[in-house]
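Everything on this sheet refers to the single structure shown next.
Here the chain labels run A, B, C and D in written order, and each chain numbers its own residues starting at 1.
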Amino acid sequence: MQRQADALRRLGLFLARRLVQSIFVLFGLSILIFTIARVLPGDPARTALGARAPQETVDRLREEMHLNDTLPVQYTYWLGDALRGDFGMSLVTRRSVTTDIAEFLPASLELVIFAGVLTLVGGIALGTLSARYKDSWVDNLIRILSYAGVVTPAFIFAIIFLLVFGLALDWLPSIGRLSEGVPKPPLVTGLITVDALLAGQLATFWDALQHLIMPGVALALGSMAQEARITRATMADNLNKDYIAAERALGIPERVVMGRFLLKPSLIPTISIFALDFAANLANAFLVELIFNWPGISRYGVNAMLRKDLNAITAVILILGVVFILMNIVVDLVVGALDPRIRLRAARSD
Amino acid sequence: MKALSRILLVFMAALLIGSAVSAQDEARSLRITFSWPNYIDPAVGSDFASSTSLANLYDTLVFPMGDGTVSPWLAESWTISDDGLTYTFTLRQGVMFHDGSELLASDVAYSFTRLKEIGEGYAYLLPAATVAASDDTTVSFTLEQPSGLFLPSLVRLYVVNEDLVRANALADGLYGENGDYGKEWLLTHDAGSGPYMVEEFPLAEYLQMAKYDGWWNAASFVPNAADRVRFIGTTETATVRSLMADGELEITDQWQTNEALTALDGLDGVDIKTFPTMTSFYYMMNNRLAPLDDVHCRRAVAYAFNYQQALALEWPGTQQMVGPVPSTVGGHNPDVTVYTRDLDKAREELAQCQYGADIASYPIDVVWIAEVPAEERFALLFQANMADIGLPVNVISNPWLSVVENTSRQETSSHIVTIYVASDLAEAGLMLQQRYHSSTAPTWQQNEWLLDPDLDARIMDALNTADAGERFAKYAELQAYIADLSPSLFLYDQLQKHAVSSRVEWTPEANSPVMGYQFYLPLIGVNS
Amino acid sequence: MAETPLLEVKNLSVSFRVYGGMLRVLDGVNLTVHAGEKVGLVGETGCGKTTTMKTILRVVPQPPAVINSGEIRFKGREVLKMRQRELTDMRGQGISMIFQDPTAALNPVFTVGQQLEAAIRYASAESRRMPRQEVRRRAVRALSEVALADPERLLDSYPAQLSGGMRQRVCIGMALSTEPELLIADEPGTALDVTIQDQVLRLLHRLVEEKHTSVILITHTLGIVRQITDRVYVMYAGSVVEVAPTRRLFAQPSHPYTQGLMAAVPRLSGGGISDGIPGRIPDYMNPPTGCRFHPRCPHAMPVCKRQKPALLAIEDAEHQAACFLYDAPERVRAYQQEGGLT
Amino acid sequence: MLNNASQPDHAVGRSAIDPHRLAQIERRNRRERWGRAWYKFSRNPLSVLGLIMVVTITLMAIFAPFVAPYPQHAEPFTDFANASKPPGGQYLFGTDEIGRDILSRCIFGFRYALVMGVAVLSLVVPVGVLLGLVAGYFQGTIIDTIIMRVTDIFLSVPPLILALAVASVLQPNLTNAMLAVSLMWWPWYTRLVYGLASALRNEYFVVSAETIGAGTGHILFREILPNMVSPILTKMSLDMGWVVIIGSMLSFVGLGVQPPTPGLGTMVAAGARFLPDQWWIAIFPALAIVVVVLGFNLLGDGLRDLFSAEES
């Protein structure tokens, strides 16, 4: 009991320290983005309302956006609003950016989580297979495929899938999150698959899942290949370690040695890279989201950039920053859970 | 391995069951792709997707006809005062909004005020006026000055349900006591009385509308009118192709390349439908930048360009522009100078131009819009043609927002910008105003920078002429004058092209060319 | 000699594939262990002792290792032809091994308990069906046996939390927890300081005596060999060069290499042995032809370069050495007459 | 990760009596080391393939006007009579919708891809490395804190999205795309070098240089920096591929190379409108991207294997 309480206390301390760091980083990030957004030439209020809106409306909006103040003052106003969850109006959708993010982020999360599950399961499975049968044809095949996966941008996969599975074979739906006429589940998490399961709507669940497959796989292949390569390298390395020989020598069955005693120490680099890939996918998915008409946050963000939609740009980047930082904390926790040495070192440094 | 294959098996089975469950329901469904975004607030939307949605969600006082005139619609009749300033409309009775409440004269007045106060979208088309609803069926507008455009522009006054908008307006907004004027709510909802109503609108994906059986003019629905219509927000070639091939799309957007359309035409049960629009493709020359500030140089350019080859790059049937306005608009003058490729004439004009002797040291930039990649080939053709008269050309692509930015000031406006311009109404005068009146010089609608007060006065005079015949005569004169001035290259009138499933019965050419009315849904039939 | 030996290795050759070629590490190793016997295996670092043992258990990583030829029989069954299932059965209960470096031999990301319990759990068909508590109880007992205090707490510790001596004991406890018939102990305690090493060896000795376990003890330390083992194999560069009952080996070391080894005796630990003999262990990529020891051998004859000597009886079959000096006397004369080598 | 192999030589150099002879030995050692390295590298066919690809692409890019069958097609050019010709005899990769030879444009496209990669790395590496060195060497001081916290801020968002944001603010062209990517890329080098430098600063050779009073510049650039050349080189080679991908994504959304200049991403974006029937217009430039990235990845992996093998 004493040890458990101790561990919890250490965990709490660790989290607290990371949170403080994160807040600092986010603060810096917000200044960075705010600066990028405001060096833009032109009047954001005029841009927001269009060339033909009456000048008085534009003036009112300028007032409301504090555009007549100095940049630092503008920043404090902006920060105050942002802290209250108000990022202003989006120029593209013409409504509050917060509403947009609430609508588009879950769609992206669903896609990225699905891709993440594929990445993790597929990457580790392929990597393990490759390491287990090192230098055999299985290994060589997986390695060649991994290379192809790593160097091919996701949007190229997306186009190929669409042409093959959407057009030529017509196996899978091409666009959106649900087919026409399929009832939407009640909104709980915003992830349609999860919400459908929660509501017990199996048909909706399957339909949503089918919509996820093409964009999800297109997005997953790159990181899956990366994970497979890393897993293979670590495993091949660890496979020659004495402890594996020792565990085998003790008569522990191969399946247990591979699946447990080799897997766990080999997962640490894989997990670290995975979490970063996961967060990066959230941002890099825009071409995939575009091709499959997926209403996600990264398509929204890139659209905002192309249309110089400042409020949306700043908000999207901040949100991505938050996700990125959260994932980094998760990595530290998971790696700590996997590797007691790191945990012990952290404990000593307290 | 075994466990894995078992999971896979279950998964595959589930997919099969899933696809069986999600099979189409019985309703007649019409799906069309559009270029996004789609603003369905009547005071905000003005582009193609928005105009099409608004035309179907809302009703207007008058309705645009295929011949360019307007006919009674919500207004059964109207009178115009002798001074041409006051228009009094008598409304049809018993028109119900989608929520079942009755459409009254006060709703019309509210809609007008709201549109003008917000000032976005089509607000600029409607002249300033005071509006008053004297009883439930009578509404009158008093203009500040006579306008020939007022009646035609009423097709852009979409009547909203005042009570519904007020009930859903946010208190906090830019518009004083009106709060946000319901802008946020109207983004994804409608407050109209039109033949279709918003069923579902996930902003980034599609707009789904359902047929409104309580429409006052329900008798006009063709018998096989769609029960459910979905405007899908994508124009990606591969995506559209896949949807069309799978029978998940009835009509494509107008942005597909000729190559894509040819391929779509090859699909079973898909045809290409074309119809003229009020959009024309201009090469806007900066009339204040050497060497294009000399009319002879401009004419030389106009004679050197190979229009026939340009047309050959477009869909068959596309016609060269005749004069400065699309030939679909009312008041178009077919008897103006039309430039065709004639290198002798071009050289003759060049010789008269003050820069003629030294033309090689006056290179010009041609800027095309990066978002419209089809423009590139015309720019490259232009470059090749100008080489024939010794005029060096740089081909440059710029994103739309930069073009908007650069054309807003004379000193940053390039030699030539290549832009498609659509007339908002079927009036030649409106297009002339949009393109050549000084008020539009600081916008992307005019790169010419004519800034000619005399021309401005003549355009305004024509527009304010209430009598249509007289007005059109003035338009004709103006067109001839501008054609001789050769301020721009008049390339071609755009032909709108859609790949259409043979399940669809659609005759857009019979509808008004006013943007949005080609897709007037009550007139489009869908067979299963 | 009629009974089947517990373990019999015949003419085992193993190579390692590396960038640039093959390392021919084992070159025809012969080795026999009888039930209840304690056998020593001595030789310089890198002479192939550990590889031989790992090959016997088939835990040598393949690739890079390649088993070229040879037979390994455990209780009469051919190990090299065993299926995965049989191998797993043989390991642990049949043969178990204490690895050289206890730090490397313990999985750093699992607790001692998780590793030890897995060893106990998968030892036999019966143990697989044991309830958790029983496995735990045996794990505690295994740690108590190797004289570790507070075994309950140790089971929940990670290897990084233990001292070197504790890790070594844990390894011994783990190797014995499966109650093997044959225990291979690869230089136990070399990584520890001398006093602790001594304690550990005493403990090991006591335990195998109690349990009547057969042992192959790999070591550099001839003193330990003398104390514990019944018979000794001497290896050089991938082959056994001499084998004899312990007392006879010490009384009459016969192979020139063994003689050199004995001369170096005062040195206690590994690297020092070669100081007694000039030269270094050969390059396995291009090993010397014939007898691999000939470049370093004070008695080298031309034949040694040509031909690899077989094990020859010194007085009787119990003591053999792989050296042409022990051939029939007339042949030895003939060899010597060929003239000097250097 | 660290290559300490050079250290003994270095130590000998200090106590040398005959510098001439020592220089000779050092030269021979270096030659031998390079020879060994090349031998090891050449044992892995994939690494050699990567090297061959990178060299070929670079040569093709440099000599594009001589290699490309129709060099004028990379400039403003029209030949509508030969528009959208499928791959075949006259045009190996076919022609685009304007009648330009896609093979020629791809070869010129390599130029812009490489220019982008080289320019970005030559901006980013010196800055990133310098900051990382300084922060790592002055670990625990205020300098360290400032540099690394700023680095953290840049690293808290995926680089692509920040590069997009910056590029969208600037005029869209190749130079600005390079600037945008560079602005987001240096922190990755800072972090890498920081980790290496903070490990190296306690090594005996650094400490001994400090005790004999060597200047900070000498320690940073002559003692610490030479020991991290291999990880930096490896990362640079792998990064070339990433920069090419990011550059092509920027071009794809219209923020990079502008037409008619043949940027590979621009060509893919333009060609995507003609899928699937005129597939060659998009697919060959896409393959060209893949080939460049693959080449640098193979090479980078080869280097990494080489350096990590040398260390053990």
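Here is the rule we go by: contacts are C-beta pairs under 8 Å (C-beta built on N, C-alpha and C of every residue); 3 or more make two chains touch, one makes a residue touch a chain.
Because the structure is predicted, anything quoted here is derived from the model rather than measured.
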{"item": "Labels of chains that are neighbours to chain C and to chain D", "value": "A"}
{"item": "Contact-richer chain pair (by C-beta pairs counted) among B-D and A-B", "value": "A-B"}
{"item": "Centre distance in Å when chain B and chain D are each reduced to the mean of their C-alpha atoms", "value": "47"}
{"item": "Distance between the centres, which are taken as Cα means, of chain B and chain A, whole angstrom", "value": "39"}
{"item": "Chain A and chain C: spacing of chain centres that average the CA atoms, whole Å", "value": "52"}
{"item": "Averaged-CA centre spacing for the pair chain C and chain B, given as whole angstrom", "value": "88"}
{"item": "For chain A, residues contacting two or more additional chains", "value": "159, 163, 167, 306, 308"}
{"item": "Touching two or more other chains - residues of chain B", "value": "236, 238, 241, 399"}
{"item": "Shared interface positions of chain D, touching two or more other chains", "value": "254, 272, 275-276"}
{"item": "Residues of chain B defined as touching chain A within the complex", "value": "4, 14-15, 17-19, 21-22, 24-25, 27, 29, 31, 37, 39, 41, 44, 117-121, 123-124, 174-175, 183-184, 187, 202-206, 208, 228, 230, 232-234, 236, 238-239, 241-243, 245-246, 248, 399, 401, 404-405, 443"}
{"item": "Residues of chain A defined as touching chain D within the complex", "value": "21, 24-26, 28-29, 32-33, 36-37, 39-40, 147-148, 150-153, 155-156, 159, 163, 167, 279-280, 282-284, 286-287, 298, 301-302, 305-306, 308, 313, 316-317, 320-321, 324-325"}
{"item": "Interfacial residue positions of chain A with respect to chain B in the complex", "value": "41-42, 49-54, 57, 60-61, 64, 92-96, 99-100, 103-104, 125, 159, 162-163, 166-167, 170, 173-177, 179-182, 202-203, 205-207, 209-210, 290-293, 295-296, 299-300, 306-308"}
{"item": "Residue ranges of chain B in contact with chain D within the complex", "value": "236-238, 241, 257, 259-260, 262-263, 309, 312-313, 370-371, 373, 376-377, 380-381, 383-384, 393, 395-399, 402"}
{"item": "Chain D to chain B touching residues, read off their complex", "value": "76-78, 80, 84, 97-98, 171-172, 254, 258-260, 269-270, 272-278"}
